[in-house]
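In order of appearance the chains are A, B and C, and numbering begins at 1 in each one.
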């Protein structure tokens, strides 16, 4: 698998005394599902915004598909790396959903038929197929969030960065959003999710990047992160309840991360105690 | 002993002016001194509307049709979801002084109250700072302090942690726990974080499409997983694990009350293990 | 800054008096003196570099614009040039008095911009509210006015986030000709207006939850300041000074003051 985003010793900061990112190096490969976690001021959002060129490093380099982000504008990079904001109300301004979703492709300068096709595919993918003529502002938060995702999907990006996509959603909304993200991953997109929901990380992520005070302190699968209490403490989070119960109950073997895994382990019989 | 409710809604109906459907239908709720009540419900169920009605802000600040009765004794303090927009002042001192200025308290009274309330929320000496430079959890604690300045009997919180990171959410709930233990204050919290509410509330209310579906003490509430699933409410993993372990015969339902935390579940589990080992 | 310890109404009244001065005189020489005195005063009180830059832009551009618009429409005095607006034949001329008048208007604008910018940028919304209250403006009115300033930083933050959110969808505010770029800024306005409107309802709720009332006779400010003797004396001296300057400029304007009697 080739690396689609590469950070090489990236430093970033407004204040030389307190850099926001200090010497971060990592590679994200095509098709990965990566979660980025970290406490307040850990630099996780700044890290994600380097991936699409919104921020350029003060030292070191960020390469997207081999091209240095310093040589490209955010608008150019938007074709490859899409960034979906937490609050959909910060971007919606058209009077129909279809017009809203077509904003990105129009900025790319695509011909009209290509735009129409991209918009329809994006709306289908998020579950809003056929709702192109509906009005975006007064719909529910979940719908507005889907419109925001469709808007960036329509630009057919390779990588999708989601900034706390489940904040403010109820449980059903959260499930719908994450199932959508899973489908996008299955369809071949590389996914980077900034989140503080460890249950989400346990359920969906393959790889976890833990940021603390501007440094990358851990880069591994969810199992290894949950098994390290000091790493969790630095990210100001707790392991999911299922995992903590497995620990407290003294379970043998790899501890289950999700309810489904726990059910399989217990109901599957055999020696788990 | 029959207690008088501090705050009561009786058969309240509310219809926002521009909305095709009513926001609250036949809602009756009594809040007694010292209770802690949680309100859960899917998005757009009317949780915020319910809290605004409890605070009396509906119908006062909104256009629409109101039917039913609201009775309140004493004052209510309200904490809203967005940590920043609810701040009136540019310094914490200005913010906390605001509600006391509106009732004409003297400078000494205001100064004393500000110090007391900052101590209560765990931010002593923060009076000169700007609320905007604080972390999310600190901001909401200042908002709680601001709601407490004129000594309300009821504290209403509308999804106070939904925009916070986990650390901030823990700070807020730890403060609410302290308030619960140290004062006779009635607290009503609406939230999606059912795991937090489970350990904090005495009673939980399920609101769906503007109607109260369940209104039960906490363990009885979470025993109704069928209803909770039907309305898309997140049932804490601990409770689902408990049901799983009961189904598999590892735990016996009759051996104790519904566990609400990992620690409680683990303790039940270890007890059951000892019993099994004892009987082998 | 000394202003912090003064009574807010005193500060407000002094700025209002200073603001009256540019309207007493029409002669640009007098106005230039007034403007320079105000500049010295503000510099002594202390202003930040960012405000200097902002003033140079607003005051400078505004003053030049005011001067240019007044120049061809003054028809008193000896004309250097005359012409008319095509199609409607409205007469235009540049006269000697017209030049002085235009310079005067430019200086007036520069003056008012200087005083109002300095006052609004260095006085907290609470002090503005206290200042207005001291003048007898009802508390709720003065408070609501001051709230506008309180929310400017939040709106600025929103604007920055909205701009970023549009940039990641391929919109660039630096490419394209001037017209296109203006249109792009228009795209930022709609989400900004919507989020600000939502805020207004939330703010109203927060105010009410904290006991704000439109007619509130009980309200008193925490740590409100008392009028000092020195302030009262200075205020009265200021009023006398302005009155005497009015007399010199308008009632007996032989040396300085009026160029065109009948205009303000």
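In the analysis below, contacts are C-beta pairs under 8 Å (C-beta built on N, C-alpha and C of every residue); 3 or more make two chains touch, one makes a residue touch a chain.
Worth saying up front: this structure is predicted, and the values here are computed from it rather than measured.
With chains as nodes and touching pairs as edges, the resulting graph is complete, every pair of chains being joined.
Interface comparison, A-C versus A-B: the pair with the greater number of contacting C-beta pairs is A-B. Taking each chain's centre as the mean of its C-alpha atoms, chain B lies 46 Å from chain C. Computed centre separation for the pair chain A/chain C is 46 angstrom, with centres defined by C-alpha atoms.
Spacing of chain A relative to chain B, judged by their CA centroids, is 30 angstrom.
The touching residues of chain A, when paired with chain C in their complex, are 52, 54, 73-75, 78-79, 82-83, 85, 87, 89-93, 103-104, 107-108, 137, 151-152, 155.
Against chain B, the residues of chain C that register as touching in their complex are 124-126, 147, 150, 153-154, 199, 201-213, 216, 218-223.
Against chain C, in their complex, chain B makes its touches with residues 52, 55, 57, 60-61, 76-78, 80, 82, 84-90, 93-94, 97-105, 107, 110-111, 132, 146-147, 150.
Chain C contributes residues 158, 161-162, 164-172, 175, 187, 190-191, 194-195, 198 to its touches with chain A in the complex.
Across the complex, chain A is touched by residues 41-44, 135-136, 162-163, 165-168, 192, 195, 232-234, 236-238, 240-241, 244-245, 248, 250, 262-263, 265-266, 269-270, 273 of chain B.
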